[in-house]
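Structures incoming, each one as structure tokens.
Two complexes are shown next, each including subunit A; its partner changes from subunit B in the first to subunit C in the second.
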Partner chain A sequence: MDQTSLAAKPLPRKVKTMNRMRVEEAIWAWAFIFPSVVGLMIFTIIPIFSTFILSAFSWDFLTPPEFIGIKNFQRLLTDTRLMTGFVVTATYVIAHVVLTALLGLILALAVTRKISNFLRSSLRAAYFFPVIVSTASVAIIWTYLYHQELGIINYYLGELGIQRIPWLNSSNWALWSVIIMSVWKSVGFNFVLFVAGLQNIPREYYEAAEIDGAGYWSQFFYITVPLLSPTVLFILIMGLIGSFQVFDAPYIMTTGGPGDATRTVGIFIYEHGLRFLRMGYASTIALVLFSIIMVLTILQFTFSKKWVVY
Partner chain B sequence: MIAKTIKKIELLWFHYLLNLLLLIFAVFMVLPFVWMFSTSLRLPIESFTLPPQWIPQKVTFENYTRVFTLVPFFDFFWNSLFVASVTTAGQLLTCSLAAYSFARLHFPGKNFVFILLMSSLMVPGYMTIVPVFAIIRFLNLADTLWALIFPALTSAFGIFLLRQFFMTIPLDLEDAARIDGANPFQIYTHVMLPLGMPALSVLAIFTFNGNWNDFFRPLIFLKTWTKFTLPLGLVTLRGVEGTGSVSVVMAGVTLSVIPVLIIFLIAQRYLIEGITLTGLKG
Partner chain C sequence: MLDRSSNMRLSRRQFLAKGAALASAAALAPALAACQTPATPTATQSAAQKPTEPPKAVKLVMANWGTIPDGWKQLGAKFTEQNPNITVEFEGVQANTWSEYFDKLVTQFAAGTPPDICRVAIEGTQLFASRGLAIPLDTYINADKAALQEYFADVHVNLVNAMKYKGQQFQLPFTWNGPVIHYNTKIFQEAGIERPKDDWTIEQFLDIAKKLTKGDVYGFGLANAYWGGAIPWLFVAGTDLLNKDWTQSTANDPKTIEAIQFLQDLVIKHKVSPSPAGFNHTQAFISGKLAMIGTGGGNMRLTFINGGMKDFDILYFPKWREQTHEFGGTGFPVLKSSKNPDAAWKLTRFLITKESIAFFVNAVAQTPARRSVAYDQWVKAGDPPKNYKIYYDMLDKPSRPVPAPPEYNEIESIFLRYFSLVTNGEKTAEVAMNEAHKEISQVLAARK
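== the complex of A and B ==
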């Protein structure tokens, strides 16, 4: 329908020309996205660019920012405490991502059998509930469970003949204590994703394999693993992005201690930027952390082409 | 024949063993909460007695009343409820409007704006916290609940989630409404919102839960006790009580977990569907 043919006939009053309709639609559309655009501009997009700019400045919020070029980056490279922070964070990320993925997969495989619906939904509820409770609540609970003399974990370990472990009090154990707690808290999330991924694999594949005489393990490696690979990729990427930012659990359980044993990069950003008001330096650390996450995510996507089957 | 029966019995045995292991694991997942609740009911002197009394000998509810006298717990609760409700309502409105626009309407600059907004999906919160802190101070919102609310009134995640869902709604309904002379806003209220309910409830649960549980932003923006939200309030309660009485701290934690448990029991299905929806689409 073009405009000339429309204009040739006398139009009923209600029918609008295409042009006017298009303009009207655009006005509606812009009105609809306006609140979101304003909100995201002010609180996300402008701050992203500001972080880049701030990393070249020294700013304590009270006096005007002072341009210092790459001095923040130079300082970062020689900041040995921050470097241990990166090691702590990397340890946490690797342990957390690998353990939650493996444990979630094992549980999901164990549940995806012929079991009663009641058992299935009870198990799912138990595994998933910690996911939606606030980290603050569970971190406080676990701090007491971990107590060296009076905590019930050491009590039951003692009953089994194992010596008391100085969970949160020792720099060797503190990070692992935080990791165990956070794996407990978030394994249910991966479990739910894996169960959905497993249920999406058509039954017929397994039936056909059975007829061909394939055993459990060859079915697992030739059907389950490849068809589950997109779920694995999603879990690895989400896990990596999320756990690199870890803050709540170590901050609440140990405030980064003992020493710097659990002081993650997230805690460093908070302390430099918001406690000591070193806005420029905190922005620089944030920028470096973001770059690392970005590069690793891109690498994961690139390598995924070799092992993910769509 | 015999070999087959033996194999069957072996399989059955394995089946029950696996169920048992899964149940033991489930018990371990739940135990910390059981300990929390049972400790909250103990007399303060007995909160740390070993071996642990899973069923307290003397049940007391005094710890719960002490929570309210030690810290402004009612304020914490109300603040959390207020922030979580307002941000949820805000996101449902702003995200659904924007998502409808991106899913169905045509307008100049659509692709550019969409990509710009979605790029913020990949940016972690820490990346922007320093400038956001500055903006909040500049807007004079520091130490008010609005510091938590304003930045969370819309989200790229919500827009994306709803857009994906709106795109699956058949076009016919909309065309019919359009022929009847409905404008885009009427289509939004009469077609998109009712049909988008499953996705909207997923977004509502995610947003409410996320804001209810948030610890980082309240820690940064709030200074006055009476303005604290629950997670920050609980940490404060622990600071006030220290090791003095774990029972009181656990009473506070229990009070904060109960609403989550209620939401969980009501909306478990939506939550899990929501996670698998975003997981399989991602």
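== the complex of A and C ==
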């Protein structure tokens, strides 16, 4: 068969319709995602590459950037305050991720037990409500609640005969005060994920286990925990990434103080970049933070193969 | 043919696994995007140095800290009435402090979208001048010398001088603010304490604060702040955070350390002030929980009155080694990037007239830069405080501006970081101020 005859031979009608449909589908698909792609390029991809480049420059916004090679990295290695910032951030991340995961699971288990629908709905709304309120608002309110002399928390502790706690005023307490507020604020999100995870575990597994004589804890550890493991992985990864970037709560509640007690790496990046006009150094810190989060996320995925059951 | 959708169907667990991967990629991005910056810094224009004729139709953009109150808009409309070819668009820049406001303005420069003119406090005068963001106004002032004579006669020279940098005038005072002691007259009366004399002493202050501290009422409310918080106490102690020309730190000066220790003692030893962290001093003063508060009249007088607090009067900061007062103030630098500097100067001239300042300070809580307005038009008859003239008269006493070199943002940040450790009792004033001195010295040494 020669080329001419092949070209001249009409395609079956069904194939032609399919091709046109695919092209149309592709056009529509691109049309829908185009605004997002543009946004992603402008607000994420280009800034990411700019960050890599800027880390080799000294730039104060107002004068042309000056190439300084690895000086920003050298400075970072000797910046003892920044090292404290990494310790503060790591403490926050571990405490926040573990506490929100554990409390989220406990609350989800409590709500999925046999309780009235009204109570279940009320509790779900109550636990989830802080998630939808802006962090800035609740952080300001918690600042008042935490005040050492005039805060309502210390007032009630005083009624119980407990000494006033310097919640935001002491370097030993301030970070934990921020963590308590953040856990209260975000535990509802994990709670909802766990509720969804628990509801998707088929009842038959529990019925079969009961017939085999398994008690509550056996069912929990041998059925619930393994089947919730994908949800746990999702929560751990999202929690870790989000917590490493923490900025708003400590900035609003303590502006990083007292001293550097709550100054997270996110606050350092903001201060160096936008307050002290050292964009190059701020970019270097951001790059290091990015690398740490990326390595930890890869490790989580790698190790998840050993404990996550799909 | 297989149905494509069947190939793409995900199980719940596959969805969770893939979802986690996708979400983590998306969530990682902001770590880097936090450092998002415009690609290139904008070149500033030098052409604006020389006054030129404004084009026929000019739109000026003027930035101000916070939301734009109606007072501004009405002033803008009045200006356009007088100058039909110039319209003014006001741009509110949200910030918690002046330094945050300056940060945002500088970012606007970097993004290539700066305003033509902006309201800047003394804390930013040197920053804008030293970075070449604002143009000197001397040429304009000299050209309008005769017309401005009345203005300079009405505005205290200390305010005018505070807005100079290296001998050149970068702003003309519009409003200003000096911290004074506001006190609750009712609490004083109930405790049988008479109003102290103008030259009351630090010992008298402490004695009164102790007497008035009862139950949940504190004698004084110390603020964890630079302007109006710690600096006024350094001034009366005969010292400062920086030397006279703001080129060296004096944070480790024995008198500075002594003053900071005194402030720590107010909270920790004498317990006459609540812990400053997370404390709303304004609300506490209005609700009668604080007998005395150190703050400016400009920004607080109307706030107290509007909050229902009328039983208050004011005193100078008490005398220690001396009784030097701190002040800050605002004016309008014409920005170098403006394409219409002449029109921007015209707007400045309009804003500093008696009528404009009176109109503005009566609509918004600010102390007028003109003495005539402060005395005759600012405080309505019968409104507190009784001794309102002190708000302006403090400039006749020894006074100087808040220490604000070009590195103000960083110096304030360093000072407050250490001051917070003093007021919570974790560091002595000596240890904290010695460490602060090292850091402030490094920042000043890095000046190009």
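As a convention for this text, the second predicted complex is superposed on the first by the 274 of 310 C-alpha atoms of A that agree within 3 Å, B and C clash if a C-alpha of one lies under 4 Å from a C-alpha of the other, contacts with A are read in each partner's own complex, and residues count from 1 in each chain.
In the analysis below, contacts are C-beta pairs under 8 Å (C-beta built on N, C-alpha and C of every residue); 3 or more make two chains touch, one makes a residue touch a chain.
As the structure is a computational prediction, the values presented were derived from the model and not from experiment.
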{"item": "Combined model on subunit A where subunit B meets subunit C, clash or fit", "value": "clash"}
{"item": "Which of subunit B and subunit C A:D260 touches, first, second, both or neither", "value": "second"}
{"item": "Dominant toucher of subunit A (residue count), subunit B or subunit C", "value": "B"}
{"item": "Contacts of A:F301 with subunit B and subunit C, given as first, second, both or neither", "value": "second"}
{"item": "Partner chain(s) touched by A:D79 [first = subunit B, second = subunit C, both, neither]", "value": "neither"}
{"item": "Subunit B versus subunit C as contact partner of A:A282, first or second or both or neither", "value": "both"}
{"item": "Which of subunit B and subunit C A:I48 touches, first, second, both or neither", "value": "both"}
{"item": "Touching partner for A:F290 - first (subunit B), second (subunit C), both, neither", "value": "both"}
{"item": "Which superposed partner A:S134 touches (first subunit B, second subunit C, both, neither)", "value": "first"}
{"item": "Selected from 24-32, 96-104, 168-176 or 222-230: the stretch of subunit B that, after superposition, runs into subunit C", "value": "222-230"}
{"item": "Doubly contacted subunit A residues - partners subunit C and subunit B", "value": "43-44, 46-48, 50-51, 54, 61, 143-144, 147, 150, 200, 231, 234, 238, 241, 244-245, 247, 266, 269-270, 273-274, 279, 282-283, 286-287, 289-290, 293-294, 297"}
{"item": "Residue numbers on subunit B that touch subunit A, as the complex places them", "value": "15, 18-19, 21-23, 25-30, 32-33, 35-36, 39, 48, 50-52, 93-95, 97-98, 100-102, 105-108, 110, 113, 116-117, 119-120, 122-135, 137, 150-151, 153-156, 159, 181, 183-185, 188, 209, 212-213, 215-216, 219-220, 230-232, 234-235, 238, 246, 249-250, 253, 256-257, 260-261, 263-264, 268, 271-272, 275-276, 279-280, 282"}
{"item": "Residue ranges of subunit A touching subunit C (in the complex, touch as defined)", "value": "43-44, 46-48, 50-51, 54, 59, 61-65, 143-144, 146-151, 166, 168-171, 200, 230-231, 233-234, 237-238, 241-242, 244-245, 247, 253-260, 266, 269-271, 273-277, 279, 282-283, 286-287, 289-290, 293-294, 297, 301, 308, 310"}
{"item": "Residue ranges of subunit C touching subunit A (in the complex, touch as defined)", "value": "11-14, 16-17, 19-21, 23-24, 27-37, 39, 41, 44, 99-100, 103, 106-107, 109-110, 131-133, 216, 218, 274-275, 277-280, 284, 289, 409-410, 413, 416-418, 420-421, 424, 426-427"}
{"item": "Subunit B-facing residues of subunit A, complex", "value": "14, 22, 24-26, 28-30, 32-33, 35-37, 39-40, 42-48, 50-51, 54, 61, 107, 110-111, 113, 115, 119, 122-130, 132-138, 140-145, 147, 150, 152, 155, 184, 188-189, 192-193, 196-197, 200, 231, 234, 238, 241, 244-245, 247-248, 252, 266, 269-270, 273-274, 279, 282-283, 286-287, 289-290, 293-294, 297"}
